[in-house]
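There's a structure below that I have some questions on.
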């Protein structure tokens, strides 16, 4: 089976073939290796790869994003098999010229600094969200007009919640 | 719902009624109390009971036996609801005059000290089982004749495996 | 000695105090907010009482509820931990009125030292050098602009009731003054229920060195040497150590002496800390006195062998200090890394969520003071500190090596933590050489570390691919009719549960 | 210094050595048997090689396989841990031949001290008092009966190559002699691949006190004071502490001096221990010298601040000892409890199985040296030690209180452990007063503790009933057609997986 990982701008192709006994033949962009991969528990793997031992924690986020922890470093990428990727490629992309501001964390909206229809500059503070006693002023990604505000002051929002649309 | 716990020779009746909000009305042999019981994860409970806070780990064994760990003490008992207990009561009991020796741990049979047909005394060593580098001589529970031997020397046995029957 | 103590706090510090009480054979009472029913401190105490909804202003900060819980349970003393009510003189007054012993200094000492402006006056009159700035709180925009011009930018805005970096803002440009004042006041209000803010000259490239003090009711004082807390992010300590690489024995003695004089001036009782700024010429300036147990107290415990929390409790019960100044020896070196539920890759954004798996470091010289457990849902309402990892070594080199080793063992999944950040600090050449100041992280470290490549990317990709591969195969097997579904899955929390919506 | 070290061991001690290497920046190679593929030491090392099937005789004890792994990986040195090949002079010879440095003493020192009979002769000729007994191994039943009559019952049978209570049998009755000889020889064979057994007079009510030694290649020696290991079950240490309550400063100096003389007699290099029996008049008798790292080394590390494993490695690399005798100070008190996978309620029957949940103690003064993890299947093939819990306190009282607190925090489910036993020891009045000998557990403790009632039975029953109640209700809900199955179950390992059948 072949998979494509996307790390930032880069794409890497990984193929996996089972050899039995928890051994797998993998190829990264064509270079082949045998991996001894034991699932210790849940998302925890013990990996013997190219003469070295690794402890790897793989967390799958609700989308096809992965966060992989090795020796304190957190690697982030999306990964999917080739069929699924082809399917998604056939679909559309996000619209340009718009910037949806979403909450980067769960928290509480403390203050709206702009109103619908107001002109804002790129980098201008537009909303203050408090989490864990720290106030965070979130800024507009681009210059434009506030098209819509999805939350009110005092509202508790989840991570990723839509806050405000600038066009 | 009513349950009967058996601790050694004693029997205790416990009734449980849900009050909502993780609160339960329980009665132990008739004495009523309200318990605040939160399941933290798996077998781990946080219990507020009669003015005190307890951390309780409940392990259910394959039978209806329970091992409950509180502050380092391990409580063992069987527990079942009253219907099930009535059902079991209707069934039979084990046969008398026979003693089935089972392995108290997983391990390896190192030596058989008796043969089928041999007379043994109560307390006589009949088999040696090794686990974790310790040899353990298992003894016959009663005097009688070795009726059957279920294992051979060198065999690996699981905990509870039948080893030998004395009649 | 007290028979029962109520701990008016939550998280790692509540657990720390509970442990001390257990070791002293004292019965403990926890108080918890509705979201903390399953929290470690609630479970760990002998008794536990709910004191209201999640927001601290409706639970942990409500004096009436704490007092009520203490009276209902018959607790003879209250340990406030740090934060919340720990430095609130109204709470101290109330405890005194209710004849419940508050484990800490008197309301008078809290008022004097707690109001940083009064504290500055008090120690200045005892001849201790202080940082230039105002002694009165600032309220209007006009006022802040005037004062800033007077003492010159950059300036630091600080909550009068503050601590722990809350309600603090550094201002370098005049244009930032008004928005910073608003933010500082708002944060101060939220954290301390008091929005008073004062202003101080900002000393460039200072190091933050503090002296740990203990005092009893009989006029005895000792200091437990210094801690260096210069590794700060946004003016909040993140790494602390003892001893400090820049403190000489003479300087230690001088700072200790001054700190004890400051404590004596307010008849200080219990554990407290005098914070100093040290400039590049090793001049030190009194910054403030914290009239409570500090987050970073474990590093001092590890190098001196003194259990500071137990000393607090003994002193509160009227006992004399169990140690004299001559008994205090710094042995080896200790470093603390504060583990926060924050994403170091996204500008330390708070990252509440569920701890889906947890593996804690062990072995020699490692101490973990934690408030989390596997399955713990980190609430959004409180400080994001989830653990403090402390390493001891016979010298600084061994302490750093051990901390690196322990951090690599420390695995928390489900939420982002500052562990990867700490690993990078421990590997940073400036940190290793002891060459840093309080701006080091924000100014030097991030610039240097920005371009860093992650190691072992190939392994990360391969493992994720194998995981997806095995899952796809399991699903395929499960869909084949007439076949067994395969071995029982060992997966737990295989997707990250969302944060519960709060009403 | 070495760039790469192979650790020829498993479990907690392999992890301990790996941690030291990591802190020293040395690359590590683990070897593992087929059942240990997922073990902590396999995962924790930088490289890991499989050396064969589960039984130690086919993997961890096979010299060829260890040497082969070292050569394949380019390891310059091998750390043997304790047990397995740690005191095997053939292994030392082979390492020397292959030019791989074995971290430990020379084959000559191992032979002299490892054969306990030769060791007795050697130290006796240096004027050290020894326990009466044979100097030649015993092989026949006739011989054992003759010697036992000669020196008088009770006697102790001991494996010549032994250690850790393996292959040891106390014999009080003549009728038990032959069966005990058979058992001891068989155990010795299984544990050390050598069934030689010797006999010693059994001293009644002795205390077991030992001296930790370090020696380098340059003729320097230090001792790190004593450990008391009198709390034994079936002649196996279960609780160790430092200092010993019966050792006076004069006695400490005398024992240390004798121990160093014994080490000097064999040009001892690395870490070693001289064990002594101390009678009720505080006379001490040389018992044996262990030419390896000991299980209980952490208590010495906690009171002296010396990392014994790192010293072993430095000394093996040719460095001089980093400490002199004057630098060695005992500070405070440390206690170790060995956590075994055994059922204390069923006569300490070994209890392998799967660790279904694990919560490790934290906070001040606590050290956990563990070889287990959540989900770990404890193999039946090896020693049942799964962890060592060590507590430090400023004095013995604080160390005991802290150990009690830490033991109460330590939760292992899925397998029985000795944790409940240790809690009872820490609460026992004889242990607290320091009044015990090596027979204390088997003779006094169990008799006193037998009738003990468990606390909190009511809570245990209520919680189990509520758990059954909620499960029954969940099942009922799930069976109702057209209804959702309720919230996702957080249950993991809800039944105890059986032990895998081995072919």
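Here the chain labels run A, B, C and D in written order, and each chain numbers its own residues starting at 1.
Quick note on the criterion: a residue touches a chain if its C-beta (ideal position, glycine included) is under 8 Å from a C-beta of that chain, and two chains touch if they have at least 3 such contacts.
Note that the coordinates shown come from a computational prediction; the quantities given were computed from them, not determined experimentally.
S.K.: By label order, what chains touch chain A and chain B together?
M.R.: C, D
S.K.: Which chain pair shares more contacting C-beta pairs: A-C, or B-C?
M.R.: Ranking A-C and B-C by C-beta contacts puts A-C first.
S.K.: Please compute the C-alpha centroid of chain C, do the same for chain D, then give the distance between them in whole Å.
M.R.: Averaging C-alpha atoms per chain gives centres 38 Å apart.
S.K.: Find the geometric centre of each of chain A and chain C from their Cα atoms only, then give the gap between the two centres in Å, rounded to an integer.
M.R.: 30
S.K.: What whole-number Å value describes the gap between the mean CA coordinates of chain A and chain D?
M.R.: For chain A versus chain D, the centre distance works out to 47 Å.
S.K.: Check each residue of chain C and list the ones that touch at least two other chains.
M.R.: Touching at least two other chains: 373-375, 408, 490, 492.
S.K.: Please output the residue numbers of chain B that touch at least 2 other chains, ranges allowed.
M.R.: Within chain B, the residues that touch at least two other chains are 41, 55.
S.K.: Can the chain contact pattern be summarised as a line, a ring, a star, a complete graph, or none of these (other)?
M.R.: The chain contacts form none of line, ring, star or complete graph.
S.K.: On the basis of the stated criterion, which chains touch which? Give every pair.
M.R.: A-C, A-D, B-C, B-D, C-D
S.K.: Can you name the residues of chain D that touch chain C in the complex?
M.R.: Its residues touching chain C are 15-16, 19, 22-25, 298, 301, 305-307, 331-332, 359-360, 362-370, 373-375, 394, 398, 401-402, 404-405, 408, 490, 492.
S.K.: Under the touch definition given earlier, write down the residues of chain C that touch chain A in their complex.
M.R.: 166, 179, 183, 186-187, 190-191, 341, 345-346, 349-353, 356-357, 380-384, 407-408, 410-411, 413-414, 416, 419-420, 423, 454-470, 472-473, 490-496, 498-499, 501-502
S.K.: Can you name the residues of chain B that touch chain C in the complex?
M.R.: Going by the criterion above, the answer is residues 22, 38, 40-41, 46, 48, 51-53, 55.
S.K.: Which residues, counting only chain A, touch chain C once they are in their complex?
M.R.: Its residues touching chain C are 1, 3, 5, 7, 12, 14, 16, 18, 24, 26, 28, 33, 35, 37, 39, 41-45, 47, 49, 54-62, 66-77, 79-81, 104-108, 110, 125, 130-137, 156, 158-159.
S.K.: Can you tell me which positions in chain C touch chain B when the two form their complex?
M.R.: So the residues of chain C touching chain B come out as 30, 37-38, 42-48, 73, 373-375.
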